[in-house]
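Naming follows writing order (A, B, C, D and E), and every chain is counted from residue 1.
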Amino acid sequence: MTDFALWSRRSVIYMVVVSALAVAAYRLPGITGFSVPWSVVLVLGTTVSLVAGFKNSQVFTRSSEALQAFAQITASSRMWSNLCRDFNDVPTARQLIYRHLAWLTALRFALRRPMPWESMGRAANVEFRRRYRIQEYASSIADELRPLLAEQADDVLKSPHPAITLLEMQSVQVNTLFKDARIPPQVYVELTKLIRDFHDQQARCDRIKNNPYPRQYAIVSSMFVMIFCTLLPFGVVPVFADMGKLGGALGPIAIWLTIPFSTLLGWAYMSLDQVGESSANPFEGNANDVPISQICRDIEIELRTGLGEVDLPKPLPAVNDIAT
Amino acid sequence: MTDFALWSRRSVIYMVVVSALAVAAYRLPGITGFSVPWSVVLVLGTTVSLVAGFKNSQVFTRSSEALQAFAQITASSRMWSNLCRDFNDVPTARQLIYRHLAWLTALRFALRRPMPWESMGRAANVEFRRRYRIQEYASSIADELRPLLAEQADDVLKSPHPAITLLEMQSVQVNTLFKDARIPPQVYVELTKLIRDFHDQQARCDRIKNNPYPRQYAIVSSMFVMIFCTLLPFGVVPVFADMGKLGGALGPIAIWLTIPFSTLLGWAYMSLDQVGESSANPFEGNANDVPISQICRDIEIELRTGLGEVDLPKPLPAVNDIAT
Amino acid sequence: MTDFALWSRRSVIYMVVVSALAVAAYRLPGITGFSVPWSVVLVLGTTVSLVAGFKNSQVFTRSSEALQAFAQITASSRMWSNLCRDFNDVPTARQLIYRHLAWLTALRFALRRPMPWESMGRAANVEFRRRYRIQEYASSIADELRPLLAEQADDVLKSPHPAITLLEMQSVQVNTLFKDARIPPQVYVELTKLIRDFHDQQARCDRIKNNPYPRQYAIVSSMFVMIFCTLLPFGVVPVFADMGKLGGALGPIAIWLTIPFSTLLGWAYMSLDQVGESSANPFEGNANDVPISQICRDIEIELRTGLGEVDLPKPLPAVNDIAT
Amino acid sequence: MTDFALWSRRSVIYMVVVSALAVAAYRLPGITGFSVPWSVVLVLGTTVSLVAGFKNSQVFTRSSEALQAFAQITASSRMWSNLCRDFNDVPTARQLIYRHLAWLTALRFALRRPMPWESMGRAANVEFRRRYRIQEYASSIADELRPLLAEQADDVLKSPHPAITLLEMQSVQVNTLFKDARIPPQVYVELTKLIRDFHDQQARCDRIKNNPYPRQYAIVSSMFVMIFCTLLPFGVVPVFADMGKLGGALGPIAIWLTIPFSTLLGWAYMSLDQVGESSANPFEGNANDVPISQICRDIEIELRTGLGEVDLPKPLPAVNDIAT
Amino acid sequence: MTDFALWSRRSVIYMVVVSALAVAAYRLPGITGFSVPWSVVLVLGTTVSLVAGFKNSQVFTRSSEALQAFAQITASSRMWSNLCRDFNDVPTARQLIYRHLAWLTALRFALRRPMPWESMGRAANVEFRRRYRIQEYASSIADELRPLLAEQADDVLKSPHPAITLLEMQSVQVNTLFKDARIPPQVYVELTKLIRDFHDQQARCDRIKNNPYPRQYAIVSSMFVMIFCTLLPFGVVPVFADMGKLGGALGPIAIWLTIPFSTLLGWAYMSLDQVGESSANPFEGNANDVPISQICRDIEIELRTGLGEVDLPKPLPAVNDIAT
């Protein structure tokens, strides 16, 4: 809740400034009484709620889908590990499983690369970013791939899409094992199904990463919120000005209540809009991201345990309640 | 309905207090007549309904999906049991089926473990919890796994994720049966499909368990409800104050009608918000949980009957109409 | 439309009584002029529409899903019948197909058993029930299974879940046919896929049957409708009272227009809420049920025709336009 | 747009009549000033929009699903044609493909048969129907099946469900080809998958055809629209009556503006309701139908070209922009 | 944002004209004071938001589905390429992969062909089109297919649906490879699955291309927006006229504020409607299209790299931030 307040500080400042302008305009000699009728604000309020509601709902679907893709990757990784170990000699199994971990690593780095439309550059987020840590920004793909791939690492790193190259290498090796009759046909079919699934999930993540929530939808929503929040104090000011006419202690200060009151409402509506923004790009390195570093680390620990290793990496803890 | 009223007692208290404050403020010398214009409350009312409506709808989808996962597990468990019994000798079948029950047990315990964001700690829920009983809190995973797994139990309990370890053991045994040509290839393919399905459903449940409904969405909804319910009595008070001016028996008491009236409305809107909260985490040990203990117990009875056992556990009845 | 009116008679009576109370209260000496401001009713109206809209939409999804499950069962039953007949001798095919019909019968009876939360006991429905006929209430599962299963009927009827027992018997026989090499492996795989599908569809129907639409969601919706409809006449009464002041022939009777007018609106909103209720449980023996008796009868006719039988049961006609 | 206006002429007439009544009532001596408060109309307006919005959205889903089924049938028909031609001698391939075209024909005729709840009988639609042509009404299933099925046509036409009988015949032939080892097992599996898919898509289309959009949902929506549109002019009349008091040229005629104004609004809202109706039954022979005649004709042309035929039927063009 | 403003210039002009008319009508001798009550505008505002909200949401689903189809095509293309290369000699692999690229090309050209209902012809779009470049309009299918298909190009180009013909050629070749035992049965099954998937995705894209978002839905939405925006200034004008009565510097000009104010609101609501239009046809050559040229180019680069080629085409960059 504190995080939330901090994060939306900019909205508050905007609303205070506009509210002060509204009070000033209302009292300015010459245009005294300038205001916007509340009924207009009312229409806009309904529209803003609806437009933002639909937007948030669509954006929520995007980020749920990203989460689903990684849940599916987790399940398939376990199957992959089981089948590789049970039907291959130890070095082959190790190679297939390590290359799978390399694929996860390459995928993570690809998904966390910055895109022009992602919001991490915005001032509100930069500040907030200090509170947690994205592993992919603190490390490099080369450093992480080398221990997993040994001599093959350089070839992979040279390719424009390391994740795709790695899946292709898996295909080649599995096909060879089948051609050499080193795995039974049924197992070959299962492994091919899993590779197919990895391709599908990667295409799904890439689709979400490469195609932002349609810009025009996002703009229309923000536009309505901005119009609404800007007109809001001009609609509120005559109400409190009238209340001032009741006299009493409240009299002289009533009109100033416009400022806290408008700010509270404006901040709430702006938050409604920003809530959607914050999860529109579920791989941007945001606090609301799908925690792909964590998920991949968990898979790594499981798969290495399966290979009998004991010198395992540690799970990535949530920092300040933010899982990454 | 009584349960519902009890559960939402806290909302009522909050509304009575705020309403009393609104009446007091309205009559307080110096700020006599202080109120919030109803038109503002109107805008907020529409927004609250929409935001809460979208939230409840998304949360409903979460809990439906959890239910679907367990329906799928039920269907696949029956197939598993049939295939294991028809293509294996009795001890092997028994081992595969008992291990499956162990997996269900481990899954249940994992899903019912407390998470920081789950609402069971909240005062309203603690009180309500006395009315039913979650089997996983009354028993321990060790006690339940030992009779199912015999000497393998300790290894499983040592593992950080017993459910995953158990599925892996199933894989290993099924793969071995196939390599030893003790099951036909078609049956091997079917069993592998079922293990794949168990992995998928587990990943689905884990996804729901490990990733709460996005915090920022929940906060925005609650925030709007709180703002709305807090302003509501200040909007209602002038209406009843005016009614008092009609005189008659109603005159002196009219303004006090603000309190029951605002409380009724505020309670209804707060309930609307809490309804979503109550099913956001379908595995938290809540009265609205997916009844996983009951579902798993039913599967256990079926599978043991299939093995010809007669000393069966009893189905878990709903306690106070609450299935767990 | 007449049915609809009849069915919602109770709403009308409630609204007439509340409206009369509202008129009485408005004119009662001492509290003359008592009313509820329309603006409050306005906020509630929006909320009621939204909450009921979301509820109806979710409930619609439930009943669509039930319908989908039975469409899928129809398609799979046809495949089952074709494969059984083409790859088996006549007695075996007949046995597999008759047992399939027995499964459909057992499923129907299980889905039509009463559940505590189903609404068939409600007065409005009991009366309406006289207009159509649910086959499962007029017959018994024992009478229907005996001709289909011959000597196996008693074993099946003894089991707590006849439908599951029957699917298990299908599995056992298909597995035996495969082990005895009486069906080719490809056909075994297809038949296993179909059994898997029957298990899945049954689990889907059971999920809908055993897990009502979340009680708390339904209560919140009904609560808002009740609050809205109860306040509605109190909001309407001052409007018509004012109209009475215009004098003329309308003068003395204007206030009484509150009653028909409020009743019309209240009835419409209550119908909106009840529409959802009426299809929340698609297997409860309601007029809006998924017509499972009819669907299963159609499958029976088709499958028996396929076996070359000529003494076929008749299709179940819709009674008073209600398919069951 | 002209079509649309024509089609909704009845709404316009209704609105003109009700508006005239509202003006008359307002001016009628004795009940002068009779009107309905706009605030009531406002509540209803929100409800109408929501209820109609949800209805249209659900109905849209129905008709999208019908379209999906036919897209799937198109894709599967192409696969069917390829596999039949590549693994069979020419006469067998021809027979399997012609029977497939016969199935499409039988399916079309079954889907276009009239159902009691379909709206084609309504006056507005009958008139509109003259503007396009449904092939299934101009021809007969017997005439279309005979050239495709030769001597088998009579048997098929005798069956109560020709489409199902045809799919069954495909199954029998494919199973025989497999039993006679005339197609490899892998191809048998693919063909069985395709037959399974045709069964599934047919069950999906039948589900949409046989189960209308729930009557009670449709009635509630229309009921709200009717109440709203009937009250609307009574709410509008005092507004224009007041405007008349401003005098000027507008004075005497202002009240008559009620009629065009109410009619415009009422027509718009009635159209909103009718838009849903018009696509609720996507196979009823409506201008908004899924164009199944056209889709099936396109498949026929493709499949016959594949058989090397040159005397092909012509594609069905859209008539007056209406594809059928 | 600038793009957005430019694109919606027409809305602004319309609103300025209508607003000026509203001011003129209000002051015109004879009909002085002519206006539309704001409460009517309010009802329409809610309806417009809802109707446009539902429309935008459905249209968004359409364009998401188009994107999903191409993501799926990407994943399947990679699998296709891997399997073709690993189980065939180089010339066969090359032929299968080049023909796949030809299919993508033919599909692109088919999806980008103009349809009567697509909005590219509209004035607002024509102007905007100068800012980016659709590859399919700058090139011809013949030119692009020839290098990929060599001597087969002419046959393909003669066919009415080159994409379907190409998929059929793939089927024929894969079936022949299987009949000649040049690929193992398991690989044949996988390749057939991929061809099936290409057929399915093509049918999905064709469904979206050939069946516009239902015209009547789109018309109703635009109709409400037009009615709302036309009435809006007539509702706003009395508000500012009243403000003018406050005197001061604002006095004489207050009424003219109607124009900028109405224009701002009307433009926002028209944009809300147009936002949906702009993505209703995701293959029309619009700036909001699914970037199929780019996606297909990326696949081409990957697949050619896989064949060991080094003379690769360049990725298609986004022009003015518009990916095509």
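Quick notes on this structure:
Methods note: a residue touches a chain if its C-beta (ideal position, glycine included) is under 8 Å from a C-beta of that chain, and two chains touch if they have at least 3 such contacts.
Going by UniProt, the chains are A, B, C, D, E = Bestrophin family protein.
Note that the structure is a prediction, hence the values are computed from the model and not measured.
Contact with both chain A (Bestrophin family protein) and chain D (Bestrophin family protein) is made by E.
Put simply, the C-alpha centre of chain A (Bestrophin family protein) and that of chain C (Bestrophin family protein) have 40 angstrom between them. Computed centre separation for the pair chain B (Bestrophin family protein)/chain C (Bestrophin family protein) is 25 angstrom, with centres defined by C-alpha atoms. Residue positions 39, 42, 46, 50, 53, 57, 185, 189 of chain D (Bestrophin family protein) each touch two or more of the other chains.
Taken as a contact graph, the chains are arranged in a single closed ring, with each chain touching exactly two others. Annotation: chains form a contact ring; the order from chain C (Bestrophin family protein), going to chain D (Bestrophin family protein) first, is C, D, E, A, B. Looking at the complex, you find that chain C (Bestrophin family protein) touches chain D (Bestrophin family protein) at residues 1, 4, 38-39, 41-42, 45-46, 48-50, 53, 56-57, 60, 63, 67-68, 71-72, 74-76, 78-79, 82-83, 86-87, 184-186, 189-190, 236, 239, 243, 246, 248-250, 261, 264-265, 268-269, 271-272, 275, 278-279, 288, 290-291, 302, 306, 321. Chain contact summary for the complex, chain A (Bestrophin family protein) toward chain E (Bestrophin family protein): residues 29-37, 39-40, 42-44, 46-47, 50-51, 53-54, 57-58, 116, 161, 164, 167-168, 171-172, 175-176, 178-179, 185, 188-189, 192, 195-196, 199-200, 202-204, 206-207, 211, 214, 216-217, 219-220, 223-224, 227.
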